[in-house]
Amino acid sequence: MTEIFGVPIQSLMGQLMIGLVNGSFYAMLSLGLAVIFGMLNVVNFAHGAFYMMGAFFSWLLLKHFEVNYWWSLLLAPLGVATVGVVVEKTMLRWLYQLDHLYGLLLTFGLALIIEGFFRDQYGVSGQPYDLPDIFKGAFDLGFMMLPKYRAWVIVACLSVCLATWFVIERTRLGSYLRAGTENPKLVQAFGINVPLMVTLTYAFGVGLAGLAGVLAAPVYQVNPLMGSNIIIVVFAVVVIGGMGSILGAVVTGLALGLIEGLTKVFYPEASATVVFIIMAIVLLIRPAGLFGREK
Amino acid sequence: QAPAPGKASDDVVKIGVLTDMSGVYADYGGPGAVTAAKMAIEDFGGKMFGKTIEIVSADHQNKADVAKNVTQQWFDRDKVDATFENLNSAVAIAVQGLGKEKNKITVVTGAASSKLTNEECSPNSGIHYLMDTIALGNVVGKAIVKDGGDTWFFLTADYAFGHSLEKDTGDVVKAAGGKVLGAVRHPLSTSDFSSFLLQAQSSKAKIVGLANAGLDTVNSIKAASEFGITKNQNLAALLMLITDVHSVGLNTAQGLYLTEGWYWDMNPETRAWAKRYEERMKKKPNSNHAAVYSSVMHYLNAVKAAGTDDTAAVLKKMKETPINDMFAKGGKIREDGRMVHDMYLFQVKTPAESKAPWDYYKLKGTVKGDDAFQSLAMSRCAALKK
Amino acid sequence: MSADYILETQHLTKAFRGFTAVDGVNLQIVRGSIHALIGPNGAGKTTVFNLLTKFLPVTSGRIVYNGHDITSEAPAQIARRGVIRSFQISAVFPHLTVMENVRVALQRKLGTSFHFWKSDASLAHLNDRAMQLLGEVDLESFADTETVSLPYGRKRALEIATTLAVDPELMLLDEPTQGMGHEDVGRVVELIRKVSANRTVLMVEHNMSVVANLCNTITVLARGSVLAEGPYAEVSKNAQVLEAYVGSSEMEAL
Amino acid sequence: MDKRTKILYGALLLVALAAPFVGGYPIFLMKVLCFALFACAFNLLIGFTGLLSFGHAMFFGSAAYFCGHAAKAWGLTPELAVVLGTLGAAIMGYFVGWLAVRRQGIYFAMVTLALSQMVYFICVQAPFTGAEDGLQSVPRGKLLGLISLRDDTAMYYFVLAVFLFGFYVIYRTIHSPFGQVLKSIRENEPRALSLGYDVDKYKLLAFVISAGLAGMAGALKALSLGLASLTDVSWQMSGEVVLMTLLGGMGTILGPFLGAATIITMQNYLSGFGSWVTVIMGITFVVCVLAFRRGIVGEIAYRLKAK
Amino acid sequence: MSAGWNAVSMPTPATDAALSISNLHAYYGESHILHGVSLEVAKGELITLLGRNGAGRTTTLKAILGLTGKRTGSIKINGTEAIGLASHKIARLGIGYCPEERGIFSSLSCEENLLLLPKVGAGLAANKGLSVDELYAMFPNLKERRTSQGTRLSGGEQQMLAMARILRTGADILLLDEITEGLAPVIVQTLGRVIRELKVKGFTIIMVEQNFRFAAPLADRHYVMEHGEIAAVVEKHELAAKTEMLHEFLGV
């Protein structure tokens, strides 16, 4: 068996594959953050909470209404997006004139509220969400068993990310979004319904988080803390990639998933910190982030 | 000035139940623990020396400083005589330390750190009532190796607790003639265990020992089942609670080995108490709830027997009297504060075997208290050496 | 004879992703002169300013100031050498009072700006000088006003006062009269003339009467390179300049 | 300082001195002072430099560990242990600040948050922190090797003295030539740069001072409660200090103090509410941001001015 | 001063007015900037707002579009009351706005900037908006820099772009704020020609200008503003007679 630094190459491939799955979640979450940040200039601290909410919605749908996974995949993100609409219309809306920091603070408060609520209702120990039947089992890739569901997660995340990228960079709606990002008042004065666009953007961004949550539900525990655990890492990912570009968010997310996967093999002790260490290094050599645009 | 016999120092006996009401361990302790304590007081008769026994409870939010703050106020201002439960090892150590300083009895049930009767011991005020990490390792290690599981690979949470759990269990396995093939250390609160499990898988060990706790254990078990690891290897959770099994679901957890100090479905006595508890809480009790009940009852009996709530006198009585109730048979509180009682190895039932909600375990073995817990001779408790 | 020149650039070049905004510019600024940089929009004037003050990194070429090569120095370092710029869009400290705006600039020379243990009463002796500077731009009566509430023209005047406060050796003014009313323009012209007495000024300006009035030397930029250079009388007759910049021969008219 | 402010400060000082004798519970009072100092240190950054550090718990918590370890394992006297904690945090602040000032605004917040999470993980794994169990039974020791601080009231006055020192440092910094430059940087960074101020160095110094004082607060906390734990370095703690400052009034001098007192009191009374504490904290955040941005002190000052 | 306004605008039938403003007050936060501005522009007319810095000319344009803070009074655009409408609805009544600070979007390329604006308004029958080719012919610089990022254009190029993009939308009322500001004379001349063409095509134009020489030959009427009010109205034919007064107001 060929080995790299004492690790069989095949198990290394397996680890990379798993890294890619984690990377897909990072990518999808940082993409949502980037989209929201772009349009609203708000760093959505509640993103993790919405991700958790997505997972919970699908669990609740299954438990109370016997809605299956596929419908959840559609309904749960819609539900999350609806909450997003309410949040945007009743709260965030009042902050656009102010320093961006207030958006961060508000969403931080929201994250606490949402997390506290779910903790109170469903406890902290987590709820099980079974794999849908067609995803039971694994592909035998020869060197490893790739669980079917994980493969699906990679495919689903990547397609969603690509679609989002296409819409924003290549369509007319996208150019409204980008222009609105810079000077919403002016864009509105040109005849575009900016308030609606902003609401929908926020809804879309948190909907993405919700979707990630549904995808994560069968893999991880459906747990009120799952959001706050992941969100800080995603922030680091965003700093590394720079929020300047959609593609940057996706690529960085995937790459960091891979790197984290490798660390787990070669030096597992550091796997919790590796992302932050990379962030520090990137800050030293490219303060604006790998894909960031300097203002 | 010793208080007159038959009279509490300040007229009333007042106990505190400090627990995690809302956090990770709220199901393990939480409101259920308070209920258990209240049941004990009611069963005792509700009165001591003619005065109603009082109970206060608080949420420590799993923060040691909150716990310390609350307990300090209890001792300083609210005239609380003894505190119970004190789940989570940071809290337990903090509270026990305070008890030592203020000379008040502190009974720990929920926390499993063996430091409580070693480095941080307090023989004159602290009691560790339920299980500790050494016992956990002992039971799982010995029983499984005996059962044929002689090659081990550990999945260890990378902090002091995980390390000591891994080491203690490893030693037991080796002593019993088994082999430890390796270990991988994962960071605390990892959400994805798959890559660590792949490493466990390639080790080809028969048993994968999970030297972690709480959500980490739950997540490792889920990932193990997803990656088909449980087909060729068996998992042994070194610290797993029935609430964790409940949240993983039998489908995933089936076949898993674990250690407990108590289970509701062991004998008529446990079932009867569990039924009474369930009537109030609409849930089955776990070992911690039973331990809280038992320890409160034992404390009250000791106060009555001593005729005072004076710490030294009560503690002396508590240590003299053996514990015989639905929680433990022939249990005894040792000099170092360790309550020694029998421990059990369980295996999680398959969904087919499970007949009712919370019908989760089959008993695989019983380990006598003296074999399960660390011997007094091995103790690193400095206060005992003097 | 570099001794006469306070600032020299050699083949100064700035390329933005495949587009060269400044292309091999050789500037020589005579000490004590008022030098104008003019040219059509997009010629690269603001970019030259950004390069000279290192707000943008230089792609290639050298900048020599007072005989020192400052090409690789940091913006604050260059400012401390005495090269101070104003911005094309007004730059003030909006929530400080007008007086404090000027005082912040004065304060640097004291060398106590890192002294967090000193009282700010130690700055009070700067107030007189600050008032004097405000007087020069007619802002005394606004001294205690919060700067946000000033009208645009006043803000630009304040900016000049702030620039003067650091006592620059070389002032870079990017369109100092842009957006001003006529009487303000006249006042600023006089002000620049007055303060240029013992320093050097390099300015970008579109208002030709201002340029004609003030400047000793004019450099015309077009598409990133120098098109012509010389005194106003000479440059204003240069056919190339007329074509590129004025578009007709009636320069006087505008 | 005008006369009214002087009277106010004097009155507050009197209250603080008398507090243990008029029924104040010393442990609670100490806790309030520690967190008030923490919030004031944090406010120096957000309120006067415009930098939102979302990771200030890393200084608070690490200093608590430094100080606790020094007092417990090395037997340092309390004042030396506090000095050590403060210095340790300031040095950390230097490195973290050195990285973080490279980014502005919202990124700065995220960078500090991420770095503090890294510190958190390091604290989980480091040998001397006791991981989940925390660093327990930190002895208060004898002040200057002479006066025992075991008594809560004695300890309270020690904490009060250190707090006053820290508060004075902050007050001085804000009203210093350095403070003026900080304000101008907050207002218009490129302009400050073009006037010859090396803005990054100013931000860094502010960051170091703030980190050091946050550390001083953490060290004090470790001594007075006898405990340093992971809670002190967690991101929730960073969030709490933000809330204290926001509630009291960012950029006001007394605001953070009041905010800290309010939140600590609230936590004390609400501890029976379980997860609802988190929810209530969250709601406080939201309400402050939406309707009460000036904070308590800021609002009072504004009302007084408007009259 | 409103007497002067009445005198000149009464003859214009109200139904024919493209824009009619009366008693407009506008605020930025707490500061009251416009104090009862009234003016009326007939279809196809070109008027200017003159005045010193800070007189409130930009604010008038912004108030029409709802870009200031609170505002009161009445703004009728092609007969529709717009005072209570959101900015995007006002724009859709057929208004094109070229802001003082140009408002070019840096995340969009030059061409994306040009194509960004949606079609607005019913438009004149003759005016479906200019095509992109026509615009490039009008401003060749833009064609050359079409792929570069919006704000990497020079000040002048940005000005041309800001002007060009509103001509595409089919808006028939143009609000132009200081479009010659900071432009090289050669481009100022181009713009002058463009404006003249637009007038011929029937656009209604309101121009804020500092450059009186540029504005004078183009405008049908000048409104002189001072301190947020209309201080005087000068018809084209009165220019010569009122030069003295204008100089006084404008400080020329």
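Just so it is clear, A, B, C, D and E label the chains in written order, and each chain counts residues from 1 on its own.
Here, a contact is a pair of C-beta atoms (placed from the backbone, for glycine too) under 8 Å apart; a residue touches a chain by one contact, two chains touch by 3 or more.
If you're wondering where the values come from, they're calculated on a predicted model, not measured in any experiment.
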item: Any chain that touches subunit C and subunit B; value: D
item: Far-end chain from subunit C, centres as C-alpha averages; value: B
item: Pair with more cross-chain C-beta pairs in contact, given A-E and C-D; value: C-D
item: Whole-Å gap between the CA centroids of subunit A and subunit D; value: 32
item: Distance between the centres, which are taken as Cα means, of subunit D and subunit B, whole angstrom; value: 37
item: CA centroid of subunit A to CA centroid of subunit C, Å; value: 47
item: Subunit D: positions in contact with at least two other chains; value: 121, 125, 274-278
item: Multi-partner residues of subunit C (at least 2 other chains); value: none
item: Contacts with two or more other chains, residues of subunit E listed in rising order; value: none
item: Chain pairs in mutual contact under the definition given at the outset; value: A-B, A-D, A-E, B-D, C-D, C-E
item: Interface residues, subunit A side, partner subunit B - complex; value: 8, 11, 14-15, 18-19, 21-22, 119-120, 123-128, 130-131, 138, 144-145, 147, 149-150, 219-221, 223, 225-226, 229-230, 261, 264-265, 268-269, 271-273
item: Residues on subunit C engaged by subunit E in the complex (per definition of touch); value: 16, 19, 39-44, 46, 88-89, 149, 151-153, 175, 178-184, 206, 208, 244-248, 251, 253-254
item: Residue ranges of subunit D in contact with subunit A within the complex; value: 46, 52, 54, 99-100, 102-103, 105-107, 109-111, 113-115, 117-118, 121-122, 125, 235, 239, 242, 246, 274-279, 281-286, 288-290, 293
item: Contact set on subunit C toward subunit D in their complex; value: 53, 55, 74-77, 79-80, 84-85, 87, 91-96, 100-101, 103-105, 107-108, 110, 112-120, 122-123, 162, 166
item: Complex contact set, residues of subunit D against subunit B; value: 25, 27-28, 31, 121, 124-125, 130-134, 136-137, 221, 225-227, 229-232, 267-268, 271-278
